[in-house]
Amino acid sequence: MTDNIYMPYLMKVERITWEAPGVKTFMLRFLNEEDQDKFNFKAGQFGEYSVYGVGESTFCIASSPTRKGYIECTFRQTGKVTNALAGCEEGSVLGFRGPYGNIFPIDEWKGKNLLFIAGGIALPPMRCVIWNALDLRENFKDITIIYGARSTKDLVYKHELKDWELRKDVKLITTVDPGGESPDWKGEIGFVPTIVEKIAPSSVNTIAIVCGPPVMIKYTFPVLAKLGFSDGNIFTTLENRMKCGFGKCGRCNVGKVYVCKDGPVFTLKQLKELPDEY
Amino acid sequence: MDDLRKRAKELLEASAVKVVIGYENGTENKTRAIFVEKPEDTGKLIFDSRCIMNLASYLTKHEVKNKGKMAVTATLPVMRAIIQLASEFQVNDSNLLVLGITPESKLIEFKDLAEVESFVHKYQIEIDVRNKEMLDKIDKMPASERWNFWIKELAPCFKCYACRAACPMCYCHRCTVDFNQPQWIPVPSHELGNLEWHIMRAVHLAGRCVDCDACYNACPLAIPLNLLTKRMLIDAKEHFGGYQPAIKAEHLMSTYKPDDKENFIL
Amino acid sequence: MNSDRRLIRKDSLEKLFKALKQNNKTIIGPALQNGKISYKISNNYSEITSDYIQTTQSSKEIAFPRTEKILAYSKNAEGMSVKGIDIKDIPEIVLWGVRPCDAIGIGELSAIFNWDYKDEIFNNRLSKVTVLGFSCSKADEYCFCTSVGGNPGNTEGSDILFTQLGENGDYLAEILTEKGSLIVSMAEALFERAGKVEKEKFLVDVPVRFNHEDVRNKLTTFFESGEWVQQSLKCLGCGACAYVCPTCACFDIQDEAHGKSGSRVRCWDSCGFSLFTLHTSGHNPREVQSQRWRQRIMHKFSYMPDRLSVFGCTGCGRCSRACPADMNILEHLISIQEATV
């Protein structure tokens, strides 16, 4: 048997970070060093993570490709596989297939301002590209991150938010939905689109990257349009259900596009050409 | 047939119903469902002995239901299914009018579902002779032979769920087989997966199945899976009294009675 | 390789069958079960039927089984061991009695499994299959191969194509590939030189009912049409059409655990099921049956030709024959072609 494209790498769970209720980050290392050496990915790509005997689940690689030797994933405990993942301990062995899908064209963004807008559990797909940009900080001008969650406890990567807050070369705005603030909350209060409108970042020479729940995305796009962002300068990721990850199982097919192959990263311009089936 | 068309036309013209669900000619001498919404299309309606599909399956489908009040061409098995659906609060007088077809192929008008129920109660559900013989034969098999019989019969099943889709009683928005926490029934089609699926389905239909054979007729592989539901019908009768769909029924399998036989408990 | 045309006597087919058996081939051919014609492993020639228009299921299962192990794992004291499947376990198969609309489907299926990533499990299975096609002298109301570029005597996908020369006649054998020649070499004497044969005379006439390129063009502006809702009202939402289809390849991946070991399997799935696209969040991009029916047609007649340069339909008519609600794809394609919007 030659290459079995369904064969995952074996990965060891090296560190588990509790991010928010039901949300964990796994740092995974390749059990086989040769696999590690061959492995390469770029910001925006995803993989199939598996618990043997339970199944596979799709999520992005949440760590930056500039950080070698490991990958990280962040997931919320919701379905069969994520529940099983949540039950894993440090030292557990998992399967990982990937990387799959397209990438954020970060090389093309050199010399531009980057505006990251994320909501809730959608920060992980963006964290990869944020760290990628920060690790190559000199390539970009202003970096702004607007991140919102339902409540303070739902904010993920709390320790990294602190880092970003302290950095002089990053402008971080965090917000929680009205009623989700804690007594000591110093950030904004309001839904993400409202906060974007309030902050009113300049669209001049700026790329906007938006990830979040469908409703957040739906209301953020018009705000960005109002601020003068063109559809080609707004990026997002689609989260269609997937099984294979390489354009065969048919599940993520939307129009002519396979989200797993042609995505998950799309510009708003590309999205507008797709049927509304995502 | 002319009576049926005439009545359907009147109902649509008077806006008494929004859609008439009936039969039309299909491919290769088959018949199929038609959803007539305009009076001028009622001429397409037909009724004859080829009309065996159970149209009650469409009454719970939301694309059909959402059209507004429905009238449906209903033979005895369809009427039975309607009464069972009414008892499970899936249809009622405000959303459904029954255009009954008697076993003599005559159109019969019903004021409401209560009248349909009375009509249905004139007839007992009888398992046909051929299937009765088959069930007796299976009963007489030693357990291992019976096991092998079912393993072999269910082997071709590829889990297309046409049986479920065609069954008027399988209207659950999310079927047990679609749940994965826990995964009650294995998803793939293999010996265990097929066996568990068909047993689960038959048991969920015990005391609800109106013996219309829609599942068997729908099966593209002609698996005799209606033998399982027929068996349930016999067992239900034996253990819990006869089954006859009724709008205000105490459901056979979900109602405890002090005199229930409990000899099935090991 | 140019096709080599030979003649095989009607009575010699059984001898060919025996010769293949002697060469340890597993022969899978059309046989009667529960009143339906299915492909089954045939040990005797008498089990094979020649009186059929089309099998209920397609032959895709030979290369793309309904349930197939893609890896096995076991947990032990040393950790986890995972292994793939061994091609040695896959038998050499001769597929006997395949209709041209089924044989051509293998290529369409192959396009799906080989664009971009190459699916070696599929390819390995396929490499072990020899296809003995049989042309059609009969058709029914469901057949429409000629509307999608095929024909009742199409050689595409077959390793040898047999055409019976009249009722009870002998057969023309068109040897089309190396695999076909290998079969001939197992019973060389049975294959005589063919004289001049007008094969087309013996094929059933399947009238062209629509033009698949016209349908494809129409579909580019047809997405929002009300026709989809109209057509799919009677659709019950089962997966019969997809499962009998020679080109439907959508699948699911499932794990099956047995204590400390188990396997990961690939199994058929269908875009007609509401669960197919359901997100964990509860959001479903294709929430209603009309959207799922549209996806089925769009995928076969618009997306596949655009992405893979093949249509996802061979005109075999199986989906319509198997449909419990008599959704007739031919009728629906014609009405799409004729629709004014």
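Each chain gets a letter, A, B and C, in the order it is written, and its residues are counted from 1.
Basically, a contact is a pair of C-beta atoms (placed from the backbone, for glycine too) under 8 Å apart; a residue touches a chain by one contact, two chains touch by 3 or more.
Just so it is clear, the structure is predicted and the values come from calculations on it, not from any experiment.
Of all chains present, which has the mean Cα position farthest from that of subunit B?
The most distant chain relative to subunit B turns out to be A.
Consider the two chain pairs B-C and A-B; indicate the one with the greater count of contacting C-beta pairs.
Most C-beta pairs in contact, of the two: B-C.
Report the inter-chain centroid distance for subunit A and subunit C in whole angstrom, where each centroid is the mean of the CA atoms.
Roughly 39 Å separates the two chain centres.
Averaged over CA atoms, how far is the centre of subunit A from the centre of subunit B? Could you give it in whole Å?
Taking the average C-alpha coordinate of subunit A and of subunit B, the gap between them is 47 Å.
How many angstrom lie between the centres of subunit B and subunit C, each centre taken as the mean Cα position?
The separation of the two C-alpha centroids amounts to 32 Å.
Please set out, as single numbers or ranges, the residues of subunit C touching at least two other chains.
Residue numbers touching two or more other chains: 252, 254, 256.
Tell me, which residues of subunit A touch at least two other chains?
79
In the complex, go through subunit B and note every residue touching subunit C.
Where subunit B meets subunit C, its residues are 26-28, 30-35, 53, 57-58, 61-64, 156, 158-162, 164-166, 178, 186-190, 193, 217-224.
Would you pull the subunit C residues touching subunit B in the complex into a rising list?
Per the stated touch rule, the residues are 33-36, 38, 56-57, 66-67, 140-142, 229, 232-234, 236-240, 242-244, 252, 254, 256, 265, 267-268, 270, 273, 275, 288-290, 320-322, 324-326, 328, 331.
Would you tell me which residues of subunit B are touching subunit A in their complex?
On the subunit B side, the touching residues are 180-181, 183.
Looking at the complex, which residues from subunit C come into contact with subunit A?
Per the stated touch rule, the residues are 70-71, 73, 75, 79-80, 82, 84-87, 112-113, 115-121, 124, 223, 249-257, 262, 264, 266, 269, 271, 276-281, 283, 285-286, 291, 295, 298-299, 302-303, 306-307.
Which stretch or stretches of subunit A touch subunit B in the complex?
Going by the criterion above, the answer is residues 79-80, 83.
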